[in-house]
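Per-chain numbering from 1; labels A, B, C and D assigned in written order.
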Amino acid sequence: MAIQQLTLNQVNQQMQECIQNCLACHSICLNTVTYCLQKGGNHAEQSHIQLLLDCAEICETSANFMLRTSQLHARTCGVCAEVCERCAENCDRMGDDAQMKACADMCRRCAQSCRQMSMATA
Amino acid sequence: MAIQQLTLNQVNQQMQECIQNCLACHSICLNTVTYCLQKGGNHAEQSHIQLLLDCAEICETSANFMLRTSQLHARTCGVCAEVCERCAENCDRMGDDAQMKACADMCRRCAQSCRQMSMATA
Amino acid sequence: MAIQQLTLNQVNQQMQECIQNCLACHSICLNTVTYCLQKGGNHAEQSHIQLLLDCAEICETSANFMLRTSQLHARTCGVCAEVCERCAENCDRMGDDAQMKACADMCRRCAQSCRQMSMATA
Amino acid sequence: MAIQQLTLNQVNQQMQECIQNCLACHSICLNTVTYCLQKGGNHAEQSHIQLLLDCAEICETSANFMLRTSQLHARTCGVCAEVCERCAENCDRMGDDAQMKACADMCRRCAQSCRQMSMATA
């Protein structure tokens, strides 16, 4: 079953989309870690893997704050937007590569919805 | 964006569905914690909230093992199936309540796909 | 073995103390959730349990950013300090109770070291 | 403050030591990921980093089940013991290296206490 089909208590449409984006961004970042380590070279450089792990983790944390409908979700979403943007830029630097491009796109989409959440309730 | 639209590296159709189920089950369990605490009464009893938190966490962990395409994902999926089944039974005991029913259904669906993953690679 | 006995790579004394405080604060908050649910009454009110869960999670995330020696740890530590302070205040409101007092003290200690980390590298 | 100084509710001496070992093992594994990626070569091979991430995550999950005093902690401790043992063996294969040796030792210590927890309550 897909997350968009769930009826979540006290979660409006905008927040549900942000949760989905966070979980999808978390998913592709974690999956991309394995891809990059197998590829090696500059894909496997420490700063890149670290940023993918940072992004995966803060996306998970932000999703969880929203799923609990915590008042402080705007704060985690703010940091999440920042980490996602950094991660997208770093993925871009890896050049012409379908997995990196998909990961960068997802990070940008997640950054955008987290940015909106962080401002809506600031 | 939905997780089923992501192209995940080295993740086949069956595993991707299991990842989705784990993330959806994680999501509804965590959201249901807030619902139950607001409702109070036997919905908020310690053993029930604890099981929802246990289920949310092991679902997240199992999803992450699969997203990293870890060889040991069959082991986390096995425990996940067990925790999901217990959580579903406990949700059933809360009686005629739409949120508890949706949560129990999702737990059963997740248990089933995790059980399959745990045996496929055992 | 205790975390303070570990030799962590690229982690200085101040950061190692902050990691310890985050893990100890995470631990007592999660343990206090079970305590409060068993106690019931205003200890189990939704806003209090939610804040304990928020605090436990952001402490874990902040510790993990520092353990990976991520450049962005100052951002997660900043949010962590804020959530810890709110959690401490909420624990205080529960009145004269040894577990709540211990939890509030740990939250304040963690908030203080996270605040320092967030400014040191801002 | 150190975790062993905390007074945890309904957590006996043996369980508190196991929680500490899980958190210390989680900590050194995550820190070792950064170390290995910087070192490169066979330290950074995909299977090794993946196992360190798996071990860090299941240690965290097991610690959290015990901190919540969940009845199902024996199940997560059982998987944790298995992942820790695999991770220790893999660290050993990296040869004569202080960080890898410290990580392997911590994994073995954690495996041992998780094994005991998984049997005590089986």
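Going forward, a residue touches a chain if its C-beta (ideal position, glycine included) is under 8 Å from a C-beta of that chain, and two chains touch if they have at least 3 such contacts.
Here is each chain with its UniProt name: A, B, C, D = Ferredoxin.
Treat the numbers as computed from the prediction; the structure is a model and nothing was measured.
By number of C-beta pairs in contact, A-C leads when A-D and A-C are compared. Looking across A-D, B-D or A-B, the pair that copies the B-C interface, with over half of its contact pairs the same by residue number, is A-D. One simple way to say how far apart two chains are is to compare their mean CA positions; for subunit A and subunit C this gives 23 Å. One inter-chain figure worth recording: subunit C and subunit D are separated by 21 Å, centre to centre, where each centre is the mean of the chain's CA atoms.
Taking each chain's centre as the average of its CA atoms, subunit A and subunit D sit 26 Å apart. Chain contacts: subunit D has residues 33-34, 50, 53, 64, 68-69 touching two or more partner chains.
Taken chain by chain, the contacts link every pair, so each chain touches all the others. Here subunit B touches subunit D in the complex through residues 50-51, 53-54, 57-58, 61, 64-65, 68-70, 72, 75-76, 78-79, 82-83, 86, going by the rule given at the top. Subunit A makes touch with subunit B in their complex at residues 1-11, 19-21, 23-24, 27-28, 30-35, 60, 63-64, 67-69, 98-99, 102, 106, 109. Residue ranges of subunit B in contact with subunit C, taken from their complex: 33-34, 37-38, 44-46, 49-50, 53.
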